[in-house]
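Note that the chains take the letters A, B, C and D in the order they are written out, and that residue 1 is the start of every chain.
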Amino acid sequence: MKKYKTGIINVTGYAGLELARILESHPSVELCSVTGRSLAGKKLSDVFPYLHRLDLPITENLEGQVDVAFLALPHKEGAALVPALLEKGMRVIDISADFRLKDPALYQAWYGFEHPCPGLLEEAVYGLPELKRKDIAGARLVANPGCYPTSAILGLVPAFKSDLIEPSAIIDAKSGLSGSGRTPTVKTIFCEADEDVCAYSIGTHRHQPEIVQELCRASRGVIPRVTFCPHLVPMSRGILSTAYARLKQPVTDEEVKEIYRQFYKDEPFVKVTAEPPHTRYTRGTNMCFIYPVVDALNEQLIVISCIDNLVKGAAGQAVQNMNIMLGLAETEGLEAMATLP
Amino acid sequence: MKKYKTGIINVTGYAGLELARILESHPSVELCSVTGRSLAGKKLSDVFPYLHRLDLPITENLEGQVDVAFLALPHKEGAALVPALLEKGMRVIDISADFRLKDPALYQAWYGFEHPCPGLLEEAVYGLPELKRKDIAGARLVANPGCYPTSAILGLVPAFKSDLIEPSAIIDAKSGLSGSGRTPTVKTIFCEADEDVCAYSIGTHRHQPEIVQELCRASRGVIPRVTFCPHLVPMSRGILSTAYARLKQPVTDEEVKEIYRQFYKDEPFVKVTAEPPHTRYTRGTNMCFIYPVVDALNEQLIVISCIDNLVKGAAGQAVQNMNIMLGLAETEGLEAMATLP
Amino acid sequence: MKKYKTGIINVTGYAGLELARILESHPSVELCSVTGRSLAGKKLSDVFPYLHRLDLPITENLEGQVDVAFLALPHKEGAALVPALLEKGMRVIDISADFRLKDPALYQAWYGFEHPCPGLLEEAVYGLPELKRKDIAGARLVANPGCYPTSAILGLVPAFKSDLIEPSAIIDAKSGLSGSGRTPTVKTIFCEADEDVCAYSIGTHRHQPEIVQELCRASRGVIPRVTFCPHLVPMSRGILSTAYARLKQPVTDEEVKEIYRQFYKDEPFVKVTAEPPHTRYTRGTNMCFIYPVVDALNEQLIVISCIDNLVKGAAGQAVQNMNIMLGLAETEGLEAMATLP
Amino acid sequence: MKKYKTGIINVTGYAGLELARILESHPSVELCSVTGRSLAGKKLSDVFPYLHRLDLPITENLEGQVDVAFLALPHKEGAALVPALLEKGMRVIDISADFRLKDPALYQAWYGFEHPCPGLLEEAVYGLPELKRKDIAGARLVANPGCYPTSAILGLVPAFKSDLIEPSAIIDAKSGLSGSGRTPTVKTIFCEADEDVCAYSIGTHRHQPEIVQELCRASRGVIPRVTFCPHLVPMSRGILSTAYARLKQPVTDEEVKEIYRQFYKDEPFVKVTAEPPHTRYTRGTNMCFIYPVVDALNEQLIVISCIDNLVKGAAGQAVQNMNIMLGLAETEGLEAMATLP
C-alpha cells in the first residue's frame, strides 16, 4: 500500500518529538523528513536514543515533496514558511499559534508581532475536529489548537451550545511541565518545579483570546467573559481544566450529564465520565475525559476536562487532523490507551 | 527556666509527627507524653528514626499532667476525650474538625455523627490567630482550623471585610498528598498519585461548611455562596487556593494590593507578595503567602494563597495558638524559613 | 483472520493490567477472559477507566477455553492451578516466581512454602527469550522471569559466556515503585516514597537465587557469587541495574563493547548503547538498553542495564514468550517506543 | 552577646542559599554580606521570596570585614580570591573543590586547570570534622568536602581503620538533582529528570580522587582501589552511597555493627542505624545515617550511608566547620531534624 509522505519542521521540541513517535507507528503514512537547527546533521535516533527505530537524519530544511508538512516551530517563526509550502501543494498543519486567531490585530496585542501573512488567517481552519470536522477535511492549512484551549473548549462547548450557562466562565487550569517546552530555564529545572504548585500569567496568558474566540462561536456570537488562570503542577504531562459557569436556570446534575453524553456520543476521543477523571488516564493518548457536575446550591456548573497536553493538546490532535484531511480513519495511529502507572 | 509541659494525643499521623518535631525544638515547652494505639510500647525515635532525638515512649494514654494537650485524632474520635482533659485544668488544642463548627447539626449533616459534647461548641474558639487572637488568648479549648479553610479564609477575608466583593466565591484548591494522611489507600500510593492531577469531593468536601461559617462572620453575617473544589497534585506538602469573586465595583489592582498589605502588615506569618507565590515557599514553615490580583476586564478579584498544610494548616498553627494561650511570643518555635529546593 | 484466544488470571495488579493493555492492541490475539477476586462482577473499564475500550467483565474464574492463559497471581497462589490448565490443553505463562527455580528446596528456603507441583519445575522453561528462544517455542509452561533478574542477567550473560569475568558479581539495582505492587502499604504511599532513596532486602531478596541459577548456566555450571542489593527510587516504572565484576584479564573498553554488540546484534529488544542509558528510554516498551564499560584502573567491568519492570520485566516479556510459543513474529504487539517525557 | 560576622561569596547557587538560610537562624553569628554577580543590586529576599527575613542586598564583592568568609563559587573561580581574604585575617571555608586535593597535579588532571595558589594546598584542612576535628579548630583555610566523598568516606573509614576490608571498594552512589546545581541545562529540567534513573561520569567523576586521597589516609597510606559510579535519581536532595568491599577475614554482622557504633558513638551528626536508612531522614539536616551489613555468603561488607547533599554534603558541614573554628558548640545552628514528609 502506498503510504502518504509526511515531514516535521522542527522535530526537536516536545511536540515535534511526539509527532515523530506517533507518525513512526502510523500504518498509512511515512515520516520522510525532519528538520532541526542546532542538531542538523545528526540522526534522530542518535540524539534521542529512545526513538531507536527513527534513524532519519535531521536536516536544516524540509527535504523532498511531502503530502503533509507539520510545523512545530515556536510561535512567530513558522508563519512566513507557510505560503511556500502551500504553493508546493503540501497540506500544512501548524502546531504553533500562528494561524489560530482570526483577527490579525490579536497577534500584535497578545504575541507582539505583526503577522507576516494575515491573508491566510481566514482560510486557516481551527483544527478542533470535534467542532470542525468538515472544514478540516477540505483544508489546506490547519491551525492546531493550543493545549489549554483544547481542554477548556471541549469542556465548555456543550454547555454553551445547549444554552445552559451565562456567557461567562472561570477556567482554572493545571498543567504539567512539558507545556513549558524543552528549552531549559531556572523555573523548569527539577529542583525548582518539583514539590510545587504555582499560578502564572494570570489574565495575560496567550491562550485566553483563543478560548474566547472559539467559545464565542459556540455561543452564537456572544463574546463570553473568560477568566483564565493557569497553574503549573509537578508532573511532566497532562492538563486538567476546571471550568466554573453560572447556570441560566435550574437543571439537574443528571440532565447535564445526559446533555454531555449525547453531545459526545459519537466522538472516538472524548469520553464523558461518571467520576472526576485523572490526567493520568490520558497519558500518551489522544483522549479527552470530561466530567460535568452541577453545584445546585450555588447554581454553578463545574466541568472538569483533561487531556495529555502533548497528544490531544498538540501532536495527537495534529495527526487526527491529518487523518481527516487525508480521508483516513480518524483514529488511525492514535488508538493507544494510557500506560499506567 | 521552667518549661511548659505538653502532650500529643495520637502522635503517629502526619499532623502529630509534625507537632512532635516542632515542640521538640520549641525553647519554652517540653514534650512530655505522646500517645498512639498500634505503636504503644515503642519509642518514638525507633519507629520514626528521623526524629532521632525524640526517644519518648509512645503510650496508650496521655501520661502525667500537661499544660497543653494537643489532640491529633481523626475526626469524631477525640471529642469525647475533651471534657475530662479540660476538667484536669489542661488547655486543649484540637487539630481535628470536632470543635470547628458552631452548629451541632452540621456534624450530623457533613460528618455523619452526633456530636458527643455539643455544649462545648460555643466555648471552643476557632483558632485562626489572624482573626481571633484575643479570643484564643483566653481560651481553654481551641479548634485548630482545617488546612483548606486556613488558606481560603486568609485569602478572602480582607476582601470581604473591605466590602470589595459580592458574597460569593469560587475556591479552586490544590493540595499535596499529606492532606490524605498516613493510612495507606490505593489512591495515595506513589504509583497512583504520581504524575497525576484530579479533582475530588466536588461540592461535598467537609471543609466547605467551615469556610462558609468563617467567611460569614467576615461579611457581617451575610452567608456567602462558596463553591469549593479541591484537587490533589503530586507533591507531599502544600496547598494553593485560587479564589475567584466578583468585584462589587471597579477597583484598581494596586488599590486591592494595598488593602491586603495594610490588612496583614503586622502579621508575622502572612506575607502579601508582588508575584504569584509558590507552595514551596511555605514548605516546613508557618507562613501564608497571599497574592491578590484584579482581572479588570471581567471585574473579578483573584486571590492566590498558599500554606504548608501540615504547618500553618495544622501543627504550626496549633503551636501558634499555644504560644498565644500561654502568653509566649507568637513566633516562638515557628521561625523556620523554607528549606529549598 | 482467526485470532488466538487469551485469558489473564488476576488482572487487577500492575502486571495483569499491563498485560490487558498490551493484549488489547495485539493484532493476532483476543483477550477473552480476565479474572479477579474482589472486583469480580464489574467491568474492567469501569474499575480502570483508562482502559476504556476493555469492557470485559471481571470474573472469578477463567471462562471458556483459551489458547494461552497468563497467570498474574502473587507468588505461591497460582502454582496449584497450573496442572488443570495444562490438562485442558492451554499454554500457560506464569508471571509469578512459582516455576522459575529448578530446585524445589529453594521454594522452601526463599519463599517459605512447599511447592505444590514440583514435578513441573523441570518441564517449565525459564522464559528469557534472548537465552531460551528454542525451548520457549516448544513449551507448554513458561516461567516468566522476574524484573530484577531480567535486567541483571541480560547485562551479565555476555560477559560470563565470553569468559571475561571472574565468577562473582555485585548487582546494585534501582527500581521504581510499581515493583512493589498495587496493594497499599505505608512504605509505598506517595508521602513516604517520594523524595527518597533506600536499600532493602540486602542479601535476602527472593530474586537472588533466580539470578544465580541463570548466571550459573551462562558460566558453564560454575556457581557465581552474587551480591544483590536492590534499592527503591521515587519513580513509578523502570529498573536500572549496575553490575560490577572483576575482569579475568585486561581487555579494552572497545573490545568489551564489541562483544556485547555482537552478542545482541540480532535481538529486537536489546540495544547496546554508546552512552549510559536512562530508564525512561524503556518506559512502556519491551526494550532492554545495555551499556558495558571497562574501569581499566581497577580491572572492573561495569554493566548498566535497564528495562521497564512491568514490560520487559513482566507483561511485555510474557507477550514476547507468547509470540514465540504461537509462532508469531516475536515483536508483534510490542513495537511501542517510549512516550517521553 | 557579640555575634561573629560572616559573609557568603556567591550566595545564589544552592549551596550558597542553604548557607544563608542556616546562618540566618544561627544564634552566634550574623550574616553581614552576600555576593552574587548577575543579581548584584537586588535584595536577597526579593529574588528568593522564601528567604523573607533575609533582606540583605546582594553585592558584587564581599563588604566589610568578616570573621568567616564562605566561598560558594564554582570550582576554579574562587581559589585566586583566597590569599587576599586570609591576608585580611578572615577565616575561609571553601565549599568548592579548590583546596580539597593535596597534589596540585590532580587539579590539572581531573579539573583541567593549573592551581593558582598551590602553596596553600598543604595548609588547607580537609574539613570532615569526624576525622579532622583538631586540625579544623586551628585552621585558617578549610576545604569543605564534596557531597559524594562525605557520604562515602564516613561510610568506609571505620572499616578501613579497623582493618576489616581489602584496600578496594566499589561505591555506587545515588544523588538527587540539586547536586547538579541551579544553572539550567536540558538534562536537569523536570521533564528530563523526572521518572528516570541514570548513571553518569562512570570512572571519571571528579570526586573520585578526593575519595581515594582520604581513604588512603584511613588505611595507613595504602592507596585503595576505588570504583566510583554515581547515579541521578528523581529527587531534589539526598545522597545514598552503597559501598561494597571484600572482608579480609570472616566477621559477624553484629561485630561489624558494634565496630561502627563504637567508632561514631560520640558523634552528634552520625548515627549508625539498625535498618537501612532513607535519604529523607536527612532532608534539611546535618545528619549522616550509616548502616553496615555483612554479606557472609560472599564475604562482602556492604555499607549504606546517606546525607543531605546540600547540608552535611555542603552548607551544613561548612557551618559545622565554622563552629569548630570559632570554638562554638559544634551543633549550634544545626539541630534541625528532618521535616517529613
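Definition applied: contacts are C-beta pairs under 8 Å (C-beta built on N, C-alpha and C of every residue); 3 or more make two chains touch, one makes a residue touch a chain.
According to UniProt, the chain labels map to these proteins: A, B, C, D = N-acetyl-gamma-glutamyl-phosphate reductase.
If you're wondering where the values come from, they're calculated on a predicted model, not measured in any experiment.
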Winner on C-beta contact pairs when C-D is weighed against B-C: C-D
Most distant chain from chain D, judged by the mean position of its C-alpha atoms: A
Chain centre separation in whole Å, for chain C relative to chain B (CA means): 46
Mean-CA-position distance for chain D and chain C (Å): 39
Multi-partner residues of chain D (at least 2 other chains): 14, 178, 191-192, 194-195, 234-237, 277-278, 280, 283, 340-341
Residues on chain C engaged by chain A in the complex (per definition of touch): 14, 17-18, 21, 24-25, 49-54, 178, 194-195, 236-237, 271, 273, 275, 277-278, 280-284, 287, 289, 335-341
In the complex with chain A, residue positions of chain D that touch it: 14, 177-178, 182, 184-186, 188-195, 234-236
Chain C residues within the chain D interface of the complex: 168, 170, 172, 174, 176, 191-192, 194-200, 202-203, 225-227, 229, 231, 233-238, 240, 242, 244, 276-280, 283, 291, 293, 295, 297-298, 300, 302, 304, 306, 341
